[in-house]
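A, B, C and D label the chains in the order they appear, each numbered from 1.
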Amino acid sequence: MANFISRRQFTIEWGHCDPSGIVFNSRFFEFFDWGTWTLFEAALGVKPADLGATFGIVGIPLVDASARFLAPARFGDVVELTSHVKEFRRSSFEVEHQLKVQGVLAVEGRELRVWATHDAATHSGIKSQPIPDAVIARFEVR
Amino acid sequence: MANFISRRQFTIEWGHCDPSGIVFNSRFFEFFDWGTWTLFEAALGVKPADLGATFGIVGIPLVDASARFLAPARFGDVVELTSHVKEFRRSSFEVEHQLKVQGVLAVEGRELRVWATHDAATHSGIKSQPIPDAVIARFEVR
Amino acid sequence: MANFISRRQFTIEWGHCDPSGIVFNSRFFEFFDWGTWTLFEAALGVKPADLGATFGIVGIPLVDASARFLAPARFGDVVELTSHVKEFRRSSFEVEHQLKVQGVLAVEGRELRVWATHDAATHSGIKSQPIPDAVIARFEVR
Amino acid sequence: MANFISRRQFTIEWGHCDPSGIVFNSRFFEFFDWGTWTLFEAALGVKPADLGATFGIVGIPLVDASARFLAPARFGDVVELTSHVKEFRRSSFEVEHQLKVQGVLAVEGRELRVWATHDAATHSGIKSQPIPDAVIARFEVR
């Protein structure tokens, strides 16, 4: 049993890059966010904007994110971003992202997200909730 | 009678700049947005996040924006942004922004915004509404 | 004789949108920049990153930009951006952009850019230069 | 002996926030970058844009970044970002960032950066280089 993987190709834009001519670091975290939505839409067959209403959640907020920058990505580079859920826990999950430039791994990312519902009693206004088995099953590839 | 002017100083950051070493154009429109909120808070004495609740509006959405780029702003430059309402119309208003680098005008901006309430019947979900005289009066400096 | 038009489709991302749930205004100016590079690559057959070296210029810096926001674009919307050069002048040109959501015009943009070379004698370090006829000819569709 | 700590206060802007009304995650990595430059300027007394020329480096590129999101930051929140170098290694260093909202820790960040010079022989065009003792000494508070 393997993990469902989504792929997305896009071009590095001028506005993504900083004065050293390479992608500014925060942009990769934007790309990871793109990757997670793409992954969820592909695995669940639900449009990102409908995810909350479909599953009775407020969203899948991020609680932890990290990236390793191994090689630069530059203006005009066509990059491939692959994303998969590395692990589902009870009410959270870890997404792994790999961004390749011409087949070479340039950036690795990791996001820890929670399956969240409203909760007026908490400071953040949300609380985590068990991820339905039916959701998890859609990320398994037999 | 003159217009109320707000001033804001900040530093151009690395991540604001593109590979040519100057601020990427879209960032100035972010700065203008900062300027408008700063202006409204200063003139009305209401925190931006409370503007809607205070005046019974959903916000002051932008319908038109423009900028003239006269001189570059670079990483580390300390810039001054001045903003004022050039004209109040019935339900819209025009904000003018000037961004100076070491006293020299670098970018001029203009935003046309509306005083907006919810309206489920429209495509955008909002409609414009007359700006209260008491609001307009706060932007006048005698 | 018509103008060469480039088209580009993409999805509105979560990170493009602001608390009102629609694309934050400055993002459209990023999109316009994408559109101009896409247009130039399509018309000239030169990768954006090679444009400077190919034509002996430092780039095509923006001197003026504007946008009209006619309808909202929201998270998950698949949008189409079309871009064309409305007019070539001696050393500058005007690009027009249209962004449509489900076939409906949502945002119109305009960029005035210059064909620029290095010039150490100027404050900005660049100066405009006549656009080669051969470049202009590539944007004409018979 | 303690570490030199820099402090920076700023306001969360409308354009920093996403449709859930809180700061979009990638923005915090922008803020961390601000924090590192602020820290280096304060500790070394050298303007960020002059850092390279002063020390014969190309910069302090990021090789690893992470963040923990503990509590939300919202439009209008005045936040305080504190930054310090947790550890200097031979040619790299780790910066720790804490972002507080009304005195409560909201986000913790970590950046691993290298002290880098040009090296045409490498894929990235740069290589790490030992950090001068005189630089490290400026980050120590007796």
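One rule holds for everything that comes next: a residue touches a chain if its C-beta (ideal position, glycine included) is under 8 Å from a C-beta of that chain, and two chains touch if they have at least 3 such contacts.
A quick note: this is a predicted structure, and the numbers were derived from the prediction, not measured.
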item: Labels of chains that are neighbours to subunit A and to subunit D; value: B, C
item: Most remote chain, CA-based centroid, reference being subunit D; value: C
item: Option reproducing the contacts of A-C, where over half of them reappear, out of B-C, B-D or A-D; value: B-D
item: Interface sides of subunit A and subunit B: same vs different residues, half threshold; value: same
item: Chain pair with more C-beta contacts, C-D versus B-D; value: B-D
item: Centre-of-Cα separation between subunit C and subunit B, whole angstrom; value: 24
item: Geometric centre distance via CA averages, subunit D-subunit C, whole Å; value: 33
item: Separation of mean Cα positions, subunit D and subunit B [Å, integer]; value: 29
item: Two or more partner chains touched - positions in subunit D; value: 14-15, 20, 24, 26, 30, 33, 75
item: Complex contacts: residues of subunit C adjacent to subunit B; value: 20, 24-30, 33, 58-59, 61-69, 71-72, 123-125
item: In the complex, subunit A residues that touch subunit C; value: 13-15, 30, 33-34, 37, 47-50, 74-76
item: Subunit A residues touching subunit B - in the complex, by the definition given at the top; value: 14-15, 17-21, 24, 26, 75
